[in-house]
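Which chain is which? They are A, B, C, D, E and F, in the order written, and residues in each are numbered from 1.
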Amino acid sequence: MEFLSDFLTKFGSQLQSPTLGFLIGGIIIAALGSKLEIPDAIYKFIVFMLLTKVGLSGGIAIRNSNITEMVLPALFAVVTGMLIVFIGRYTLAKLPGIRTVDALATAGLFGAVSGSTLAAGITVLEAEGIPYEPWAGALYPFMDIPALVTAIVVASIYTSKQKQSATAGEDLSKQEYLSKQEYLSKQSVAAGEYPGKQEYPTTRQEYRKQQRITASGYPREQQNRVKIWPIVKESLEGSALSALLLGLALGLLTRPESVYESFYDPLFRGLLSILMLVMGMEAWSRIGELRKVAQWYAVYALVAPLLHGFIAFGLGMVAHYATGFTPGGVALLAVIAASSSDISGPPTLRAGIPSANPSAYIGASTAVGTPIAIAVGIPLFVGLAQALMGS
Amino acid sequence: MTQKASKLVIVTEKVLLKKVAKIIDEAGATGYTVVAAGGKGSRGVRSSGQPSVGDTFSNVKFEVLTPNRDMAVKISDRVAAEFFDDYSGIAYICDVMEVLHAHTF
Amino acid sequence: MTQKASKLVIVTEKVLLKKVAKIIDEAGATGYTVVAAGGKGSRGVRSSGQPSVGDTFSNVKFEVLTPNRDMAVKISDRVAAEFFDDYSGIAYICDVMEVLHAHTF
Amino acid sequence: MEFLSDFLTKFGSQLQSPTLGFLIGGIIIAALGSKLEIPDAIYKFIVFMLLTKVGLSGGIAIRNSNITEMVLPALFAVVTGMLIVFIGRYTLAKLPGIRTVDALATAGLFGAVSGSTLAAGITVLEAEGIPYEPWAGALYPFMDIPALVTAIVVASIYTSKQKQSATAGEDLSKQEYLSKQEYLSKQSVAAGEYPGKQEYPTTRQEYRKQQRITASGYPREQQNRVKIWPIVKESLEGSALSALLLGLALGLLTRPESVYESFYDPLFRGLLSILMLVMGMEAWSRIGELRKVAQWYAVYALVAPLLHGFIAFGLGMVAHYATGFTPGGVALLAVIAASSSDISGPPTLRAGIPSANPSAYIGASTAVGTPIAIAVGIPLFVGLAQALMGS
Amino acid sequence: MTQKASKLVIVTEKVLLKKVAKIIDEAGATGYTVVAAGGKGSRGVRSSGQPSVGDTFSNVKFEVLTPNRDMAVKISDRVAAEFFDDYSGIAYICDVMEVLHAHTF
Amino acid sequence: MEFLSDFLTKFGSQLQSPTLGFLIGGIIIAALGSKLEIPDAIYKFIVFMLLTKVGLSGGIAIRNSNITEMVLPALFAVVTGMLIVFIGRYTLAKLPGIRTVDALATAGLFGAVSGSTLAAGITVLEAEGIPYEPWAGALYPFMDIPALVTAIVVASIYTSKQKQSATAGEDLSKQEYLSKQEYLSKQSVAAGEYPGKQEYPTTRQEYRKQQRITASGYPREQQNRVKIWPIVKESLEGSALSALLLGLALGLLTRPESVYESFYDPLFRGLLSILMLVMGMEAWSRIGELRKVAQWYAVYALVAPLLHGFIAFGLGMVAHYATGFTPGGVALLAVIAASSSDISGPPTLRAGIPSANPSAYIGASTAVGTPIAIAVGIPLFVGLAQALMGS
């Protein structure tokens, strides 16, 4: 009871924090149709600055700390990332009107990590004076990459199976199709599998029916085995993770204290406030995309961040009792789990599960998932950590 | 003596930039020109999670001059076959171009 | 079986971006492509107070493929009637396009 | 006498202030043909930062202040904004060779407010240690919007009247015209009302005469009543005013002190210096446009900022004696009046008075008005405020 | 009554922006449109030391509508003669354009 | 001996400095294929900030210092800049497979100055607490411009001579050529002197042979005399030098201390770290271009920065004993000499020696020259200065 009233007080004061204020401000001015624009170059620069800062501080800290402490939390991060995908596979994907590949991509994105949400979580912990392991930010890739890899691998296996059964079942029509195909490729007919101004079809079978003369369906070379390393590589090469790892390496191997203290650290909060504004404006502008897809995505995006956060918080508490993982670190692990990727995740999924509809996963994550993670998730898990410290 | 040419135009998602460029190269075209483009088609979908609030265009437009129509059609067919199931895009051709000056054509 | 098409090009001031896009939509075109452009015409005038010292282009170029010439001319007429008295702009057409691949055309 | 020598001393030292130094530096390097370029993204970011800062500090201050004090100055801001347009209507527009719509657009722009000039004024007040109401920056929209609305409304009324008399007087020629028109729309003739490389014509009648086959003059749907709300909305949605109002709301409703003090406030002066550089370079690059239009625009742009500033200063002094408006606040009101809009005003006018020639109003404002307001207006009105305090 | 036109396209290095514009002006064209472009040709060379890590295009594409083919060829010849020995670039023409609306053409 | 071990210690600790750390980090993440991107707008802004800061601090300092002290070092800077070009002319250009114009452009670029290397040098001097003349940064243009002018002038003279002898020797073939030419210009043949996918030809004669029908070779108007002022003007107008000179003028003529101390100075180190990252990524991405040209360019780029630095260090020591030029100043002069231009130099050379292959000079400078100057040159010359101080 006391915890609840405590949490509500904290939540009320969180609403007044600049982080949340700018996020909500962004939603509101976008809703009012403001032409305010944070240029793309500034957005990219801010992301670079924030993640380099998180990396640098982590790297500097790891230099003087016992790195074996990180093993259990990192393992739990991996487990959470993969678990989130399977949860999506057996809940969201089973709902009516949901294509499996879309569900898998969405779950992959919610399993992956948002650098801006992580930065916001760190800011709140610091504002509240809650100690946390300085390497906790470095748990990012341990959850991000497994989630994306799992989603893409599971989707590929699913798609291959679908194709095989389709080939078996539609043998005759396939023959017709192929001969039409030969004709087409000689005559260069306009092609493409997506229908015009209709609703997004939920199965590939529907597509076929809606086809006009401009239809496609070219025989694609069969990709039999999914390769994991290219997906990992693509994740690591993304701009957000690159900046984090670069910062980490520089913090670990060089002495960047002078620039860290004169530049990256003092600018952190202010730049974060601008990033929150962008996130808010983005959230509003993606609502439209979310509306185009089944309402279940909105429900998922509302529930999933908190559920994922609770799972990670639970695992984090195991680490707390087992190896002394701090309550602040537990909260950060939960925030990482609650977050859904906004920068590197979408392009990775676009390439890895090309048949999934980006409106579904980006809409769910950006329009609902991220605001929930920041506005509800962060105060919730920080509050739980404080309760844990009190006990 | 000018050189007759076909001009193939492909508008598609930015994420495909390198992959489409590779196909053009492999088809033996002497070059291509690419510009950032926005647009609207049958699928009003953005491919990346890049902020739409920003000022970026999410499409690219390729223009390829080819010495004959066949090469252009071949490129177009391959791009459509590999990507147009899953990505938005359009490909069209204009056969009445003449190259006036080029380093190789 | 490729599809014959007309390509309408409209270059005009950036401030008209949304308004021209709406006209194109309303005319029933299946889509359009737009790129940022600079240029010089009879009126050497910039429309906005945006710093010219910066690196921005102040025009936009629309390209619209239409299945017939009529639709293109209709769009062009409406854009010219509504805007070309007060804004700079040019509209031209090329009738010998062929669409090779498209999601809808 | 003493005041004058005082003012000249102040003006001399102002010339050495970084604000003015960077402005003049910008003019000079542009004149010398430098290729230095402040990228557009940086320019937009700086404008965002400055106006958010002005808004935040205003919002934080309003929280603890008696907001009724703002009523009279805000009212005077509205009056000044509207008055400036009518002054332009009955002076500039009456001059030989000046089209009425061009004059109205110019007056509207000079009535509207420049965020950068406002920021420069605040910096000088703070450097001189002159106190001012922290909400004074929030007077911005109270002058900006009425000025733009008045200009657009008056121009619309004027244009409708002109058209009606034109229809009456040119009845026959109109008939010929319309039948030609029908022909044209079927045959898609190249069209446009502006002539080629000639001088900008000063009346619509002249246009007609200069037409080539490419002429236009399509029958436009009659717009009978001007709607005011869309103009207000467009102003409020502009990027500069959006940032100011967002900052104001966040300052009022949340607790942004931490980011304000660590980020927005300390970067203010430095970013302003870069913006001044851009303003200077802009001023030079617009001189060419000013040359293309009647010289009266240059005269107007030279006189108007100071005249408008004096009017506002006078009204501000009324508020000073009536409700204790501080001298610093009076000076800021005068600076706001002296300024002419550089960011949001031009596009609003372009859409609202499309027949007006942007070279006229943008040239007058950017090439002459803004430099005068900053270089002469700010030291003048700050000096007057100090004299007022001394008395 | 539409007006037949030729469309000359020149893709070349960004550093030549002003010089090519001047040639077009001097040839008496009523205007031109220019967009930022990337591309690949026979010389895979960037002209400036500008960071290639950044997001900039290093080419420009000019499009010039001319009332007759001769003017276009003249422009193209002069640009090629002055620059194509030392700078990368391509010039091509399409003769089947029709201008629908323009302020001067 | 002691000096060597001293130098190695210093070099080891330099490797841990943020400056070098970010440079190497940039090379590594580019090599690993990271998609991290510092937007062009940010890059330009950083260059502006750094050079304005260098200019401002120089200008502020010059105000209170005896400017005649600058005469000898400035003269030595001019001498070094010109000397570097002639060294290139009689070494690099004489090597097998090297075109003279390419060698001259490369030497010009290595004679010219890099703002980022200069900024890195200043940072190291300050970190080591070594005093230097505050106007030392202002030596930049005294070396930069003479080097570029000399390279362009020498190349022009060389090219004219080549053309004359070619005309004499190839008289007959020229006639054939011209008649072909007439034909071509009427028929608008595709043209251009560079061959297709072949190796870059090393002589103009080779070009001719490789020509296809698309060949060019239009009769160009003879440019008889090279004009020097336009080259100087173009250098001065470049964005880097403009910013430096603007800062210098503002520091000298106005009182920019407030913005200098609150903005330009505190952000210097942090922004430099980002610029170093960009330099590193650039270096890697240009390696490919360097591979396309003769290996001698790599050798030159490895040796030249240190050789040039030693020459300037020697001349600086003359000034040290003659007029008391500080050891820190001597080191900075050497760093300026060791650096090769990355911002303004390349476009100036592209326009000034259009027949030179940019892959050669940009590849050599960016991929090898700049990293060597920063990673080896700076610690070396700073170490030498400390040895000089100790003695």
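As a convention for this text, contacts are C-beta pairs under 8 Å (C-beta built on N, C-alpha and C of every residue); 3 or more make two chains touch, one makes a residue touch a chain.
The shown structure was predicted, so the numbers you read here are calculated from the model rather than taken from an experiment.
Least step count on the touch graph, subunit A to subunit E: 2.
Note on subunit D versus subunit F: their Cα superposition corresponds to a rotation of 120 degrees, in steps of 5.
Shared numbers divided by all numbers used gives the overlap of an interface; between subunit C and subunit E this overlap falls below half, so the copies present different residues. Among the other chains, F has the CA centre that is most remote from the centre of subunit C. Per-chain CA centroids place subunit C at a distance of 31 Å from subunit D. Centre-to-centre, using mean CA coordinates, subunit B is 44 Å away from subunit D. Subunit B and subunit C have Cα centroids lying 19 Å from one another.
Within subunit D, residues 37-42, 188, 191-197, 216, 267 each touch two or more of the remaining chains. Under the contact definition stated at the top, the residues of subunit C that touch 2 or more other chains are 2, 30, 35-36, 42-43, 55, 73, 76-77, 80, 84, 88-89, 94, 96, 99-105. Residue ranges of subunit B in contact with subunit A, taken from their complex: 15, 42-43, 45-56, 73, 76-77, 80-89. The touching residues of subunit D, when paired with subunit F in their complex, are 15-18, 20-22, 25, 29, 32-42, 127, 266-267, 269-271, 273-274, 277. Within the complex formed with subunit B, the residues of subunit C that make contact are 2, 5, 7, 21, 25, 30-36, 65, 94, 96-105.
Subunit E contributes residues 8, 11, 35-43, 57, 59, 61, 73, 76-77, 79-80, 84, 88-96 to its touches with subunit B in the complex. Those residues of subunit A that touch subunit F in the complex are listed here as 39-42, 44-45, 48, 233, 236-239, 242-243, 246, 249-250, 253-256, 258-259, 262-264, 267.
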